[in-house]
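So, here come the structures, one by one.
You will see two complexes here that share chain A, one where it goes with chain B and one where it goes with chain C.
And now, the complex of A and B:
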């Protein structure tokens, strides 16, 4: 009936990413993601792990400097939150009204499965609005507004619903992780933005340990909260460490669809990490960009320059933080970003991991 | 009591691929799943499946139970570059739920072997949206299904007309509510199977013909039901279909209530005497019913079944369902059990048998 190829064996290479994507972490409720990251890092890195009050997780790996020089500071950051929902009303019939956390196109909401983290456990629901039979001709052509949608959890009435959830309870899409496409080249899941970035950092730390590598600078890895609403935990991380360089690991929305002109496609799935020159929050350090692309070319690692000034991410805060930071963004090209069905390529996940490792080992910071 | 796990049977039946026009696609699976509960299984010229359970008496009257087996869906209109597909709707699909939904493309290789392909219905990133687009819903023919195939490989399995359905994925909500695709009308089909299969042959007042009719969702001709009813030529018919349930944005006088029990359609097209007997007996047995008032057509196969042949006294019973024609249709297991019980009542009621003599 379905894609039967999703076996444990085939998933093994991306199991970490799957586990992170399936973890619950809407903006403002990222604790479970922080827990999962700490669990994944435990015993697999020599970095010093700390969790701070705002919700960030830090993994710090001191480098080896020559002749007592002060070590340069390089930060890798990825955000732990995902777009999600928060209940703002329970109506008399027991339906949940909600607001979105982060920029979600209302058109991807109706018909989706969602999970709310209630006080006694997770509560499953579906986002609904009236049946097509009751829609007027105009309504059938118009996107339903979020304020007109509701979540059906099966509650009999308000009192019944309040046994499970309350105003202020957070929710996310409920979407499994599916490997699909020719030769299993694509992955579908919620929260690929930005658990893929988190997975890249975890894999980088693991590889440094596995290869017994000591970097000639201090590496600050920051798993940060609240990117999706722009009130960034990454700013706090940058102000805490005041890094000389920062690399933001992200996901970026692309439009590599038929009939879209090449210059509007942003980037292409499968062509490697997307390096931004500029987006709506940052103009990036050109030397850092060029140096990175040079390393990618030398090492034969797929990478691509972002071909559209769109989106924005934690770099916007990091490059301005404290005395300013030379910042680079490396993003996974991701279709249908901020939906229950983000699609990214397994090959890009590999390329980005390779590129980050090569940059840490090859760029002259 | 039924030994059949009704919820599991609903999931199993609803999960089959039966997009209108392709009701033969999973015919073998359907017959494997429920054929064993019946004495005879037939397939008809227009995509119908007919399951017969005999009462054991000679020249017994024939009772028709109709549920439609077809479901809304899509079919491919173009195979595009990079493994994208365009589609059109089959039946009155609610297009609002399509973006970011997951689908199964029911492809076949050159030898006709099944080759199902997973797909995601794409959405448009904000930078490509023009001012004023924010409130517009894209029509279905502008949406793209992403399969992750190359065009050359995809064309080995998919062509214009290849059916596409929602990915079967089911969710259990609170209070016995369940959500998923294909409950319209295969949940009623499951209730009918459970009712008929759990009734001993000797308790039936006639031979029961369970029609899994095709082509209800085309909305115009309902040829499956009319051809099926004509072939059976029964003394009476019970049509079971899902019924639009109340949600906060609909009117109570245009909907029925989830957990309100089986809806009994009160319409010029349904038989008043059978309706009254059925409701009275349901009340005696503690089966919850609610009236569904339909001044014109019933919106179901009952609209055509009563007119077949020399006229067939018909009742129309409904299972309240929210979000009809989506991938997350919602029904209540309490209502489903009531529907099962009222169908069992219909096929065993001596009062109904008497009334039709």
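And now, the complex of A and C:
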């Protein structure tokens, strides 16, 4: 089966997602993603766009209420950051020692292309470790630790390396966005977690404008920073807006793989947005979950309940910020999360967009 | 007090699903307060208005959590067995081979896979047998996402000691209701009785309550561990020795002024009391202390043996002392 990069004319529905995934935005360095989101929203929504100090981007769309009632407040949130790396030492030979920002399995690192945002532009590198020929018998049996890896940017020595990068410079995986499988149904790229969520919100705002829709509540869209290290920009958003309801758009690691017993498989790629009942950070509002599943069933939109209590996301901060918020999480089932090659299904991207639009228009907030 | 505790204990309400117990509490406290509201997460807040003039009165928040530890169904196997995830700090050694009850009344038993070694007793090794022989049969009675807990009950073992579950923290809820009754005749300050959700999963519900009420002083009423059983780690709290005034736990250092004040009131009023220094475990106290702009927070604890097991035990005299101390603090005579 032929693998192909997404070309401009191909699959226009995921061009936005590709553009977002290819944007540089490791945790703590999300400005380029914020720029890209603002660029994508410009002229395509009537929402009021603001950028705030912490790096969040907000798009606020005031609703239409009857008889001067106070409008309910509904927030959509997705995080702009992706897992990445930070340089913490440059050795005398010009190799970069680094640490991971966000949870990355060290086993997915060796041999990967990475990009660092250097002083005067992007710097390409590869993650390397001691070659297998030189490893001791013990080293071969265990996964190489991040502290024993380095990034090679082709520098001659420390001085040469320092012309391009410095301690504290951020990097991400350098990975093409590719579609593959029958009818190009799968998408592979870095940062699908959580640019897919960002794309869903952007598409929702665009569709509201295209259909000339005024919602009967105020819609606060928050593109938030620093989810991957648990220091949530989403908490700042929730404290700012004090929403009555929030929907967190995420990507969730799943385990629909051969070695995993049926009772431990979280969800299935292609079966629609994954709706959580509980995870390690949140017990979700059951009425909101049930109401959403009901809307999905009525509209024949694929959706699935997360079958395992694991992970955590911005909902953990949002639901207990300020006076508390009834919170729902809808995640794209994603294989190989937090790697250079996250894999998600185009059909799930479609299902989630449909579901969010249906919930905004159909749920009684 | 026992009949009130019994009423509180014999009602289901795992973290995130507290509606039923909230309604029971509401029924009990309604005659003694001026306003009752629910917040977005489901915490119940009852206000007893103070008699002092606006601007001259403080806001005092008393808090106990309504939720209990329990489980959620995550998967139904072909043979009708249910897989589960814990809600809160489950002691799986204590939970093994117990009878469980679902919110819809379905009964079952929670069992570890045959041959599981004691050190491997974790959630993934457990299943619930509800007496169904196929997935279809099980699905007619329970669904993924349904909640269950070890059976709620209480038994009076002796004149003063009771055992059961979830004493944690329904005994605290009973103490709050008892205080509401005792201050019904009038109090100077505004008193908010908060029955919070989701304490067992990380003191989550108390935070929005603290933010919304923005109290001057907050006191949590919860159970605490003891050092008076065979093999217990050293701890200067014993069953029957009175209300435990918390100095710290793993999540909070209580307001020193409030701790001193509670000690003084207890001594003056001859209320049996002891000092609690809890090494591990946390309570809503921490969330209340840091919510919004923060407040002076402390806790009055009911000493309890075997917390988070099916046989939580307290001494009724300690619960009574907690109610007396809370009342004396508010009435400030």
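The definition used in the following text is that the second predicted complex is superposed on the first by the 357 of 365 C-alpha atoms of A that agree within 3 Å, B and C clash if a C-alpha of one lies under 4 Å from a C-alpha of the other, contacts with A are read in each partner's own complex, and residues count from 1 in each chain.
The rule is short, and it goes like this: a residue touches a chain if its C-beta (ideal position, glycine included) is under 8 Å from a C-beta of that chain, and two chains touch if they have at least 3 such contacts.
Computed from a prediction, not measured in an experiment: that's the story for all the values here.
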(request) In the overlay, answer first, second, both or neither for which of chain B and chain C A:277 touches. (result) second
(message) Just to be sure I read the superposition right, which of the two partners does A:326 touch: chain B = first, chain C = second, or both, or neither?
(response) second
(message) Looking at A:308, would you say it contacts chain B, chain C, both, or neither? Reply first, second, both or neither.
(response) both
(message) A:140 in the overlay: touching chain B, chain C, both, or neither? Say first, second, both or neither.
(response) first
(request) Look at A:257 in the shared chain and tell me whether it touches chain B only, chain C only, both, or neither; answer first, second, both or neither. (result) first
(request) In the overlay, answer first, second, both or neither for which of chain B and chain C A:166 touches. (result) neither
(request) Please tell me which partner, chain B or chain C, touches more residues of chain A. (result) B
(request) Identify the partner contact of A:244: answer first if only chain B is touched, second if only chain C is, both if each is, neither if none is. (result) second
(request) Please indicate which partner A:49 is in contact with in the superposed arrangement: first for chain B, second for chain C, both, or neither. (result) neither
(request) Could you pull out which residues of chain A sit against chain B in one structure and against chain C in the other? (result) 264, 308
(message) List the residues on chain A that touch chain C in their complex, please.
(response) 244, 262-264, 277-278, 283-286, 289, 305, 307-309, 319-326
(message) List the residues on chain C that touch chain A in their complex, please.
(response) 15-17, 39-41, 43, 72, 74-75, 77, 83, 85-87, 124, 144-145, 198, 201, 204-205, 207-209, 211-212
(request) Going by the contact rule at the top, pick out the chain A residues touching chain B in the complex. (result) 1-3, 91, 93, 95, 103, 105, 107-108, 110-113, 123-134, 140-144, 148, 150, 152-156, 160, 164, 174, 178, 180-182, 185-186, 188, 253-260, 264, 266, 308, 310-311, 335-337, 339-341, 343
(request) State the interface residues of chain B toward chain A in the complex, per the touch definition above. (result) 15, 17, 80-84, 92-102, 104, 116-128, 134-139, 144, 146-150, 153, 167-169, 171-177, 179, 244, 247-250, 254, 259, 322-328, 330
